[in-house]
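Below: one structure, written as structure tokens.
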Amino acid sequence: MIAIRNARIVTVSGPVLAKGTVVVRNGLIEAVGENVAVPADATVVEGDGLTVYPGLIDALSTVGIPGAAPAATAGRGGRGGAATPATPAVNPLAAAAPAARSMGPEDRPQTTSWVIAADEIQPTDRRIETVRAGGITTAVTFPTRGIFGGQGSIIDLGAEEKAGAMVVESPVGQYIALGRGGFGGGMGGGFPGALMGVIAYVRQVYLDADHYKLVKEAYAKNPRGMERPQYDRALEGVIDSKRILLPANRLVEIDRMIHFAAELRQPTILYGMHEAYRPEAAELLKKAGLPVLVSLHWPTPPAGPDVHLDEESMRQLETYDQAPAAAAALQKAGVKFAFYSDGVDAPRDLQRAVKRALDAGLTREQALRALTLTPAEIYGVADRLGSIEKGKIGNLVVTKGDIFENSTRVEVVIVDGKKYTPASDSSGGRGMTAEAPGGEQ
Amino acid sequence: MRTKIVAALAAALLALPLCAETIVIRNATIMTVTHGTVKGSIVVKDGKIADIGEKVMEPAGASIIDAGGQYVIPGIIDCHSHIAVDGGVNEGSVSVSSMVDIKDVINPEDISIYRALAGGVTSANILHGSANSIGGQTLVLKMRWGKSAEQMIFEGATPGIKFALGENPKRAGNPAGGRGATGTTVQARYPATRMGVEDTIREAFTEAKAYKAEWDAYNAAVARGEHPIPPRKDLKLEPLKEVLEGKRYVHCHSYRADEILMLIRVADEFGFKVRTFQHVLEGYKVAKEIAAHGAGGSTFSDWWDYKVEAADAIPYNAYLMMKNGVISSLNSDDAELMRHLNTEAAKTMKYGGATETEALAMVTLNPARQLGIDKRVGSIDVGKDADLVIYDKYPLSDYAKVQKVLIDGAVYFDRDKEVSAQAAKMAEKEKLVEKLKQQQQAQGGRGGRGGRGQ
Amino acid sequence: MKFAGLLLTCALAFAGHIAWAGANDTVFIRNADVYPVTAAPMKGVSVLIQDGKIAEIGAKLTPPKGVRIVDAKGLRVYPGFIDSATNLGLAEISAVRETVDTGELGEFMPQLFALHSVNPESEHFGVVRVNGVTSAITLPGQGGGGGGRGGGRGQFISGKAALIHTNGWTWEDMSISADAAIQLNFPSLGGRGGRGGEIPPEVAQMLGMETGGGANARRTYEEGIAKINQFFDDARHYKAAKDAHTPGLKTDLKLEAMIPVLERKVPVAVSAATVDTMKDAIKFADKQGIRIVIMGPRELGDVGPELKKRDIPVVLGRVLALPEHEDDSYDSAMALANQFYKAGVKFSFGTFNNEFVRNLPFEAAAAAGFGLPQEEALKAITINPAQIWSKANELGSVEKGKVADLIVTNGDPLEIQTKIERLYIKGQEVPLTNKQTRLFEKYSARQ
């Protein structure tokens, strides 16, 4: 049991408490308020001069699955949406990928829709510690390889022996990536080789899933005399998914995916959002009513003596300049959005990235919400996570100074009621050590 | 502040299109295509051509475009284009890629659209590439620069599908030396010969016929009040079923006379029609058969000898096909060539001796007929869409250039505005480049971690 | 339509009597409107072609006895067109490597004669003559692609470009200049990948260039320039040794080939698309004391005065081309020629691709449409290239004493509808038939 006493508490769900106390017991928030009594047997953290926030939630991550590349964002801005798909790293999931070249949608190319992140979590993934040092207590982790990457799970980033102890909610949705030129290279590579091939494939999968359900239901009702439906694990993986994630960076892609989501009739979250700073984008998203995930990996112009920035298109240059304004634009338009790290793991980098959004017009409160309660809402776990309220999971970040300030140090991170301290390192971001085991709860 | 300037510039450039305005184009030499040349004016109202004549009644409050000394032709229609496509124009991985649809990947911000506009193109048939015997689904767009992908679609135009015969589908799956475009080793993909190309098409349509029979049976059962489980919807076979039902046009990339004839016979056998043969460089050799089948021919004006199957290409192709009763058009298949289809058309006057009207029809009324959109576009007739191009000189001359382009009665390209805006645009860009460079320096050159964004 | 057929039949009938039947390079063209290019047009004059040369031009000429008379009333006479960058005779079908003879292996190959590999029977010649092209520079650099990019990659000097007529019995017969220029592929600091950096793809292909870009672009670029300078220095040493009659000096064919360049008798045709590359090329030329012609510039920027000061001419690539960058003015390629003209830089047009040579006059017309004065457009495909390739005493205008490379037209030959009625090369009339007209004839007759 831990009590943080006399600290400034930013609950997110309610007004800021200038001086208050939070008590965490059995991994849950037992009490929070200005006049909360500190139990005698609690480990006390003196909160004078400190601020307590809800633990940050990374709305789309691969942390916990070691060796996985960061979530692939389709097209790092710019015309033609040119980007290489995430390099498939050495990955335990690789064994599942078919070795033969795909000859069509029936081969279910680049598909591991049945893989659930919770089943793949390895508590020894070093990134868990790294990102926790920056205040991230919860990650919505997805397997992200291929077109249908698999199903995500919400995990708390504590130092656990068993992966199962980390899982908060699973599965929470299907991760879909579209690449740019498809997967496999087109001419000579397997299907699909072009973006339109990938889209056609996804479309076929959902048509097949609907048909599969129909046939299964009919068979279940009366199998006699009926040919049994062929088991298809790819379809099993997408049926009854709570939601799907589709990539969209450029305005053109956002428009495209909004239409695609409507066609697939799946609850959809769009991720990426490089061009969401454009008013048309925010408008379209508002009308469609889709929540989005904004990548914190802002597109950056290349540097170097032979780089001719003026040879890039105006649209591309604008994106470099304006991408961080996406958050403020979405906020203004009333679009529900959360941030995700997109590979920006080091705490300092993450903080710098958020700072750019603040500089571009987002308020601190809005930024904080986009890293706490909003992602919880998007994934349907706002009853358990995302704010400092009695009964919610005990995930907290304690800082000296405003969490988004350059000079701020993360003093303490609490995950599921366990206390962690960042390694004493002035950069504040290299790693954390857990307190000696036993007794913090 | 900068955003305001950009917005203002954007607004200025996109003030075209002026929406649904009434416009009078005055004092021009109007080449109607369908009823000769008229020296006079055109009245545009509600996006349509309302009146044409030597003297017209100019509605009060109409915007006047003084086209004195200038020429007006119908908006040019390019029957073969690959612009405005994201993420690859070919799904070359499989022999039959009819499940893919160009409509899914239209990029309305492709600068090629604007450049085509500046060359007088108002509509284009956007096609899948030629890597497959049976390729993907296709559609017609209007070059409505500034609009969304959906808003660019030519409403009501029959959708199409791309076939390809000859060297390209053979080569795409079987490159020389077994190495693909990216240098990686390539597993051979059927077909490797023209015989195999025919076989691929026959196989696909045999499958499609069976698929259609399944669905027909299902629909009949439902009509009888039964509730069977529907057959699985197969995206590959759906468009082929539509071809059999006459609901989808076949646009077939083809070169040699033998393969053109082959497809005509296969189509006859399976009971469908080829809508257009594209490129069809040896079309002149089998023009009779093409005409008898009822297909159109859309070809290049004079490109030849870039591969073996183009060795017998002649610049008289369009003319000869036309003479034999084939609806013939000239296309570009190229983002640059599409900017001067007017002069490509003029070449039929040189090679063969087409009349001025026949030449102009090659890039206006004829492609409109081929695409089934001639009720709406392709000539300057009252009631048709106001898709018009104004040239400063005789349009069938290389000395001429496009001054203005209207689509649906709105000005989408204005050369004067374009030229005068260029300097300011460049200044804007320079400022932004400076700003970004400074930002980079401030960050100590930390930038460059990914985000190369090409 | 019937008329065209009739005319064609007459032309063919005539053809039977001309050219193939044996050389006849004397003819009297009567009563034409002559457009000399170097002087004002002359209406209603006659031209006497004798022994392959323009012997007389005048209003009141009488034809010598027995000379064939061509009545040209209502028709015009122009000099034949000259394309300053092609692969004519060296490449037949660009996709088929076996038919492509440009782009040999080797970094420095100035000793290669493009001329001696020209196939006089190439179908392309007949096709380009129809629109008035009577001579062309044919380049040894890689063109057409072929099946995989064979030799020529990483090549600096491709060989000796030749100036040839577009008709003749042998390459010897067709030769105007066996050594018109040494083709040098100057290294390029490619732009950011995508469309092959700064050089337009067809130019890059034709000149056998590595399209730049990549992490070590700058280093590769500088190494390239250093290599080229080294080679020229080697050539200079060789020449000095030769001039000094150094005993035991082994003949080096490559360095021998460089001697006329060092003596400024033969220019170097240098590919350079961007302003920066042009500036480096100029620096290089200054350093080596050689004459250069810039091939395929895509922009002018501020390098005009430098070019003008040194009288460095350029060969512009295709006028009908896309802009380099997304934000460039849509007509940047069409308006380029006029920029060079205004800067006082001498330029000619080259199509850099066999398949577009027949459209040379129409490319020139397009440049005129976008600002270039019409007379300049015509000069850029007649007298200018003649001057650039040092054959202005023989070609490029209708003047007494020059070689009779002429076209007789029914109007402005830069207009598409204009028909070239007759074409003369070295005074001999060449029939305007080719593979394409023969196929047209054949299939016109199909019932």
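Each chain carries a letter (A, B and C) given by its place in the written order, and its residues are counted from 1.
The criterion applied here is as follows: a residue touches a chain if its C-beta (ideal position, glycine included) is under 8 Å from a C-beta of that chain, and two chains touch if they have at least 3 such contacts.
This one's a predicted model, so the numbers in the text were calculated from it and none came from an experiment.
For chain A, the chain with the farthest CA centroid is C.
Chain closest to the overall centre, judged by the mean of its C-alpha atoms against the mean of all protein C-alpha atoms: B. Looking at A-B and B-C side by side, the one with more C-beta contacts is A-B.
Centroid to centroid, with C-alpha atoms defining each point, chain A and chain C lie 61 Å apart. Rounded to whole angstrom units, the spacing between the C-alpha centres of chain A and chain B is 41.
The mean-CA centres of chain B and chain C are about 34 angstrom from one another, to the nearest whole unit.
Chain contacts: chain B has residues 111, 179, 425, 429, 454 touching two or more partner chains. Touching of two or more other chains is recorded for residues 79, 312-315 of chain A.
In chain C, 192, 326-327 are the positions where the chain touches two or more neighbouring chains simultaneously.
Note for the complex: chain C touches chain B at residues 1, 3-4, 92-96, 123-124, 127, 147-148, 192-194, 320-323, 326-327, 329-331, 334, 354-355, 358-359, 362, 365-366, 368-370, 374, 414-419, 435-437, 439-440, 443-444, 446. Taken together, the chain B residues at the contact with chain C in this complex read 111, 114-115, 118, 176-177, 179, 284-285, 287-288, 302-308, 310-316, 319-320, 323, 335-337, 339-340, 343, 346-347, 349-354, 393, 396-401, 418-419, 422, 425-426, 429, 454. The residues of chain A lying in touch with chain C in their complex are 79, 305-306, 308, 311-315.
Interface residues of chain B, counted against chain A in their complex, comprise 6, 85-94, 97, 99-102, 104-105, 107-111, 128, 131, 136, 148-150, 172-173, 175, 179-182, 184-187, 189, 229-230, 232-236, 425, 428-430, 432-433, 435-437, 440, 445, 447-454. Taken in their complex, chain C has these residues touching chain A: 189, 191-192, 217-218, 325-327.
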